[in-house]
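Take a look at the structure below.
By written order: A, B, C and D. Residues from 1 in each chain.
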């Protein structure tokens, strides 16, 4: 038995003992060091889920995790005990139609840590002892702090979003929403050669941070609606937009700001239906592309963080011990003060 | 002076004399033979416009036109008097940012026949004498009936939509809406190598025609909603969907029927906002692409019709003399009996 | 024991008994009906191999095969005894890096029927009894002649080549080489919507057949070199070229005939090095793309043949009994008289 | 009259007076500050040209130029006297087929400064007074040294090469040839998010510089051929290769090092024919893409240099006065000591 952070119902979050999983020959036991609290973790905690996804049994949360290899199964060759690893929460089946097509992220039998999408739920990574498939464990340098390694997962989401956008080299980019995903998309888009990046939000503190991270322009759409209108002049000026706020208004504004043949990448999930003036998308031949999780980009994220080419550190607000999970979740939910809050498990 | 079909206000359509335009050195005077009545012509006639586009002065309608060259300007080399031509209604400026980028269809100063998008309006092609730029006149074989040539414009719209979808070879295709655009998209998609084509509508007669034109399956979604549900099983089965109905319900259903990484091409223009469950687009990484008019595809359409590789003839319901324009417009608006109605100008 | 066509050494081809393979739970035993003789079969027979690929032990030839299911393993669900099937000769490992990326055709452990690329060789399909994986057996309609079904493999090669070229809709296409691959590429390119197809060769009979199959222009480059020069005027006029002859001269001429940003797809394998004026490729930004075998296109080929949308029948010169394999191979090698020769196994 | 650097014949380079060009309404007169000596300038000087391009009359060399606006024509709005500008040497016609398609770099009537490709030759930019079209003059910040601005042209070549490669985010890149183009490609590929960059050459000094510029690995193929062999293991390991040496051996080695479906971008122009084992390109489905000059990338290059996101300064070996042009050209030709040599014109 070892400790885990378990949600039982909305607002019912407990730190309690869970049984240790057994170790198969192709699996790795990881002593989790830190784990970042994600928006979906907050939704499980606050609302018991999102959209049609609801918790139906106690669920160990967490999928932004890094730790140290404690033991390896008999066939494991990629890592050894003592190695530091970032853990990829995706475990596709490898056999279904989409896996065989190279689209493992759309696996029909995906097991993703800390997700209530299937039942029984797939238990997550906010726990002291985790067992994962060998392929889920990506080694990081010994001298890389686990706090940085735990950013691999959300950064992978953003690198995948950037990949979905097509080449950004020389392009003019709009990002709506300056939460952790918007912010990491900013770093990822710059990394991919974007020429100009404008980011919007309705809160001042994250926009101030965005500026420090290299945004070329920040717009507080709550205070300065005229700024956005300016960017919509003519047929719009952005080649690519990343929607990372989950708000209808942001998408509606963006659709006017994107130029003919521009691309809008939807990262944020809203609640239910969105109202859009699709005639604009038709007349400007705009493309709206969904993006979901990641695949090869997890390894890219590890490499970019390990090499220092992308540094997520400025996003880390706090690291709090797992026994204070409740406080940590409340802290993470406070956008005015927190960007990314991590839990420490040892 | 010569006769033209002019809309003055909703339900106020007149056949009346209009002044003959002058002929510049790079222009061609065409004696119009026939012209097809398009959905937008019907909107001008019935409602005085669509969306934010409204008639503010009398407008000669028509942009699906073919005729015979009557005279050519001094510099014209592409056609000679007596040549039969299909007339491309697009006249881009050739100088703006988009023209220089090779995106003439997004020209910031586009002049498109029979359109109230700009003011003064650009007068259209339902007239006995029309002057167009040399580049707008695409020669067709002498033995090609002008009725067929006049399908070049709507077919170009559909070939462009197919181009926007990416390769169709071997793909499974859904078309929602079996009006003239849906039907020509069916022919265009087959022409581009689609493996399987399913088409939906809420009326039986066009679906019966679609079957004769080679649709692999037709679904009357008004009578057989279960059929569509079947195609949405799993994560959906269509690689590509063309929305040609302009109805929100069709788009919503289609979004569930399209497989992960599938593409939805929006051809139809709705009225105002559309409500969509974009979370589906996110989770399946679906792409929604607008398509608008055409560019090089006008010449492709002429070639495909002239070579017989695409035969639009089964879509032609009637050819009526221009003096009966009012009847022709009423006839064209009756989906239960008419697919495409053309006017004859001589 | 059952009969097979086995090459022992150059010019040493025997029809002899080979042991019947055992049947695993996910495998299917097929009673082979017919098999087409491919260029690589001829190379094994005439030269003992091609390039660095050489026979080092007796090899059952053949990979263009179709037959009837005789028995199925315990887990097989896709086909039943009595079903007619086209057999896909590719059996990827499903585990390697490329299989997991969805690039099974580049599998690092590929087993392809009738190939000496690995040792022990993978025995081929010119035999009365063949065992294949369930996934290799694609059912065809009961009323489809096996002679047509056996064209699925070479047609799949050409559909894959067409896929590699990108969209052909409206494009101007050059095919160099009017052998079976060039000819099926002609059918595949037309099927994919190519607007104009020019095909070249140095022999008159295949060009005459190409004309009957719908080529817009045929050029005998041995007799009419000026025709090719005409097509190279300016910076070249072809959007896409398929090189299906394996001859350096064809590729060199084609490079001059392809327009800026045009695409050359290399299907043909030459012997050793090729001399090219790559400065032309640089200045015109031409893309030269290799194409190799196929993947999903095998199923597409079956579907296109079964639906009648592509009819390979005119390419079939003769069907000869397996006991006359030696005559059949000599016949197949005579380009002046034969396009495709098949063996019958029952 | 003002001074210019003029080549009259191989090894006959003179600094002499040339007539000042007249200024049209849409043109700008630029007082040239500095100009970088390019490989093609050296070829004109050393050999009188390259490939089939030969000087047939005295030619002012130079196309990597920056300066200060001296005067503007009546219609010019983009720049004013006193502005610092980088000068784009490309002047497409704007009317031909390729210009209308958005492929201005393949203009059939291109006028490119300092080029003998057409006759009369287009005189170049190594002169004190230059007249260019308004669109050729891209403003740079007042505090940007002209030495940096003059790198915009070769950097644009490399950004275009990178664009031609498709997305580099997360990709493994090989660059063959560590001259100025290889080196700027290194900076451009890193800028576009390449994960790992290996660069090869046969000389030690440029490889040492490449390491300082951030190459992940440098290989001296003259001294360590085994290193390259290692990278060719399996089916090859590079996603993308940039050939910037113009040497056949580099391309041949690279073809073995590139993985299945990998892309080779050809920047370097060789002399005449290249011998290649294209069977490798076929079996691995490698794409070989030519790249030529640039288009929108000139503005991107200016932006990247002005923002400091790409710093070409370490490549600048020397700035020498125009009166010492002969010494400067000899210096530039000495790869053991020089990377980029610029001339100063005032």
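Quick notes
Criterion: a residue touches a chain if its C-beta (ideal position, glycine included) is under 8 Å from a C-beta of that chain, and two chains touch if they have at least 3 such contacts.
Keep in mind that this is a model prediction, so the values were computed, not measured.
Between subunit B and subunit D, the least number of touching-chain steps is 1.
The interface with the greater count of contacting C-beta pairs, when B-C is set against C-D, is C-D.
Centres computed as Cα averages put subunit B at a distance of 40 Å from subunit C.
In whole angstrom, the spacing between the mean C-alpha positions of subunit C and subunit D is 42.
Of all residues in subunit C, those that touch two or more other chains are 103. Note for the complex: subunit D touches subunit B at residues 94, 99-104.
Against subunit B, in their complex, subunit C makes its touches with residues 159, 162-163, 166-167, 169-170, 191-193, 195-196, 296-297, 299-300, 303-304.
Every residue of subunit B that touches subunit A in the complex is listed here, in rising order: 51, 98, 103, 105-106, 108, 164, 234-235, 251, 260-261, 266-270, 272-279, 281-292.
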